[in-house]
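Two complexes come next, and they have one chain in common, chain A, joined by chain B in the first and chain C in the second.
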Partner chain A sequence: MTTLLSAQNVTKAYSDKIGIQNLSFELKAGQVLGLLGHNGAGKSTLIQSLLGAHHFQGEIRVNGCHPIHDHTEMMNHLSYISDVNVLPDWMTVKQLLKYTSGVHPSFNIAKANQTLEATDIKPNTKIKHLSKGMKVQLHLAVIIATDTKVLILDEPTLGLDLIYRETFYRHLLEWFHDGERALIIASHEVAEIEHLITDVLILKQGQCVLSESMESIEEDYFVVDAPNTHQAQIEALQPLSKQAGLGSTKWLLKSDNRSQIESMGTIYPVKLADLFLATQMGIN
Partner chain B sequence: MTDWNDNQPIFRQLSEQISSQILQGIWPEGEALPSIRTVAADLKINHLTVMKSYQLLVDDGLVEKRRGQGMFVAVGAVALLKQAKRTQFIDQQVPQIADTLRHINMDVDEFVKQLRIQMKGE
Partner chain C sequence: MHPSIYMLEKELLEHKIVTRLPAFIALCGFMLFVGIFFSSSAQHNLFFQMEFSGDVSDIHMEFVRDLNMLITFGPGLVSLILSMLYLPKTLRKERQEGSSMFWRSMPVSNLLTHAVKLSFGLLAIPVICSFLVLFSDLLLWIINLSSDKQLALLVEQESLIYVLTNWITFLGRMFMVALALLPFACVMLMVSQIVSSPLIVILVVIYASKWLAISLFGFYGIDQFLSEMLMLPVNILFSPSPFAALGDATTLYLVTYFAVGTLALWASLNLSRTNEVSWKSLLNR
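On to the complex of A and B.
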């Protein structure tokens, strides 16, 4: 598979603090990367570096381009939907499409119109009069009509109702599978994106605390729900986290010790939300 | 979004769902199954998960992959599934029933009588 994005030892230091430190990862066509972390963990700093919106140390290549030095060329194949609306409020939908076809070399206006026909968005409406859900829908329709290889989404469904979420992910996935593309989704809605992503990168205070494919997470970790009488034995194996229940506890463990514990209780696959919380605080 | 249970990985749950739909005749033998892209978009899950589920079904001989055309329900899939269900019933459910009968002191004749009433009712 083609490598569409690579980051090596990316560091961004601000005058008073470190934004991100030594982040390295690769994204190939077909991968969907979930970018997780608390507020202030460095997600946005990383995204801004990938977009070439600020200077950084280390190496980034998006489709072979440097985010700052080859910015114009890079933007032909990179798109970004932020958590706040960036579409110009004062334009009408029709004007936005016309404007985009003027500035974006691979924009297919017919395709954008076709996507929008299936929605309630009318060409002559001003963007400022669209609902939040419609704005996101419009933005995605514009991106789907370009030849984007890498799409970065920052909290894409924040503030959207269930119906818009459903439509949003449907359009996104249908488009994604049509070509050789890669996606990055930064989100706090861990459960919402858990089954959507193929890989995950978890940040904590600017550093990477977990970078793995979802497939190996499934193999490397497990949850055991066992009676509290086994507590001493299980906790000797240093579980990553625990959650108390009625007379029993759910422990999250690495698979190395699975054979020793399997008979003590019921085994469950690990949930990304639990693993995320475990990376953020640890057991106590 | 689809509700998955916590007990098993999604790809297993999905392949079980498809097997039981084959058994119900929703996807007839020799006919195409929905494409990976469609399933992924409908269920909001990633394509690798869908591929893994389909692969499980291919490994079990229930589904066949036709190059460039997609996934098809194998001829003979229903017979295979019925056989598997039968084995599973004898290996797993029958011991549970036996356990319960012992627990509640019900003899086999009484159980058979109850079973007959149940089956007549349908």
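On to the complex of A and C.
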């Protein structure tokens, strides 16, 4: 698999704080990376670095291009959708498509129009008159019509209703499976993206606290629901988190301890949301 | 078609005042034309002195010159004003309205973006305003053609060749104005990325540097340099010979002015490389 994105020791320091510190990861074609973290954990800072929107220390390559020095070339292969509308409000849909077809070498205007035909978006409508969901649909239609290799989504479905979310992810997956592509999704809706992602990168206060594939996570962690009588034994194994129930507690543990625990309670596969909470809050 | 064509079209769509103001002036001119065209008394009143005296004295020729100056310098002034409104606004507007991330997501270099914005501000706007000159001359030519009397005030507009050559001359003059404005335009693009009121900041800096140099060191060089260079586009526009206006400029000042412009363009290109715009980020490599 081709490496489409690599980040080595990426650090972004502001005058009063560290945004992200020594982040390293790689993204190959076919991978979908879930970028998770509490508010202010550094997700947006990392995304801004990947997009070349601000200066950073370390090394980032997107399809071999530096985000700042080779920005023009990089943008042939990289796209971005955020929760905030970045499309120019004063343009009509038709004008936006015409402009993009003029400046983006790989943009296929027929494909964009075809995608939009399946929506309620009319070519002569001004972007400012579109709903939030429509704006996201339009932006995705523009991206689908380009030969983008890496797509970064920053809370793309925030504020969208269920129907828009469903349509959005359907179009996204169709596009993703249509070529050698990679995807980064930053979201607070852990459960919503869990089934989409192949890898996860969890940040806390600018640092990486977990970077693994979803397959490894299933192998490396498990949840046990054990009666409270086993509390002392389980606590000795340094669980990552616990969730108290009625007479029993759910513990999140590393798989190294699985053989010692199995007889104490019911074993469940770990959910990404549990792991995320464990990395953010630890054991209470 | 080259991407710059689409980018210029986008500027035209985004900054509607560039077309609307000249269109409004043209509409006013057209209504005046209709009034004159259908009113023989208005024609008589407007061109009374010329018709009555029957000779073309110096005073009458001054009237002719004044009319033609109005046709040339009016649109020239409108063009200058529109350029001055557009250039400090264009880069800043994208950031303020939040669309800069979208424009940055297109595979377009900063250099091309700057070239397009400078071309639009210094060339496209004068070309749009030049149609006012063409339109006015054409209307006067039609009045001249339709009148059964020789209208001395419109002696120049007798020929369609004059109408076309006057338009081309205006374009040439505005091209020279654009050249004289180029360094200042680069400074405006740079400053507009850092401060929210670029024109006010530039004016304050200009006056502060002038008066500080005079009051602290008794040095008048900065005052002379700024006065000469900032008046250069205006002098080229209003001078009977734009080449003479350019030739009158001090060579050392011209070289310094263009060096400042080059430095400002470099700084502006560097500032627009990222969304992190500050003097500090200018030095980041």
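Going forward, the second predicted complex is superposed on the first by the 284 of 284 C-alpha atoms of A that agree within 3 Å, B and C clash if a C-alpha of one lies under 4 Å from a C-alpha of the other, contacts with A are read in each partner's own complex, and residues count from 1 in each chain.
We take it that a contact is a pair of C-beta atoms (placed from the backbone, for glycine too) under 8 Å apart; a residue touches a chain by one contact, two chains touch by 3 or more.
This is a predicted model, so every value here is computed, not measured.
Contacts of A:271 after superposition on the shared chain: chain B is touched, whereas chain C is not. Of the two partner chains placed around the shared chain by superposition, chain C is the only one that A:80 touches, whereas chain B remains out of contact.
Of the two partner chains placed by superposition, only chain B is touched by A:197; chain C is not.
Greater residue coverage of chain A by touch, when chain B is weighed against chain C, goes to C.
With both structures placed on the common chain, the touch criterion links A:99 to chain C but leaves chain B unconnected.
Of the two partner chains placed around the shared chain by superposition, chain B is the only one that A:174 touches, whereas chain C remains out of contact. The touching residues of chain A, when paired with chain C in their complex, are 48, 51-55, 68, 71-73, 75-76, 78-80, 82, 84-91, 95, 98-105. Looking at the complex, you find that chain A touches chain B at residues 30, 32, 166, 169-170, 173-174, 177-178, 192, 195-198, 214-215, 218, 268-269, 271.
Residues of chain B that touch chain A in their complex: 1, 4, 6-10, 36-37, 40-49.
For chain C in complex with chain A, the residues that touch the partner chain are 1, 3, 5-7, 9-10, 13-14, 97-110, 273-276, 281, 284.
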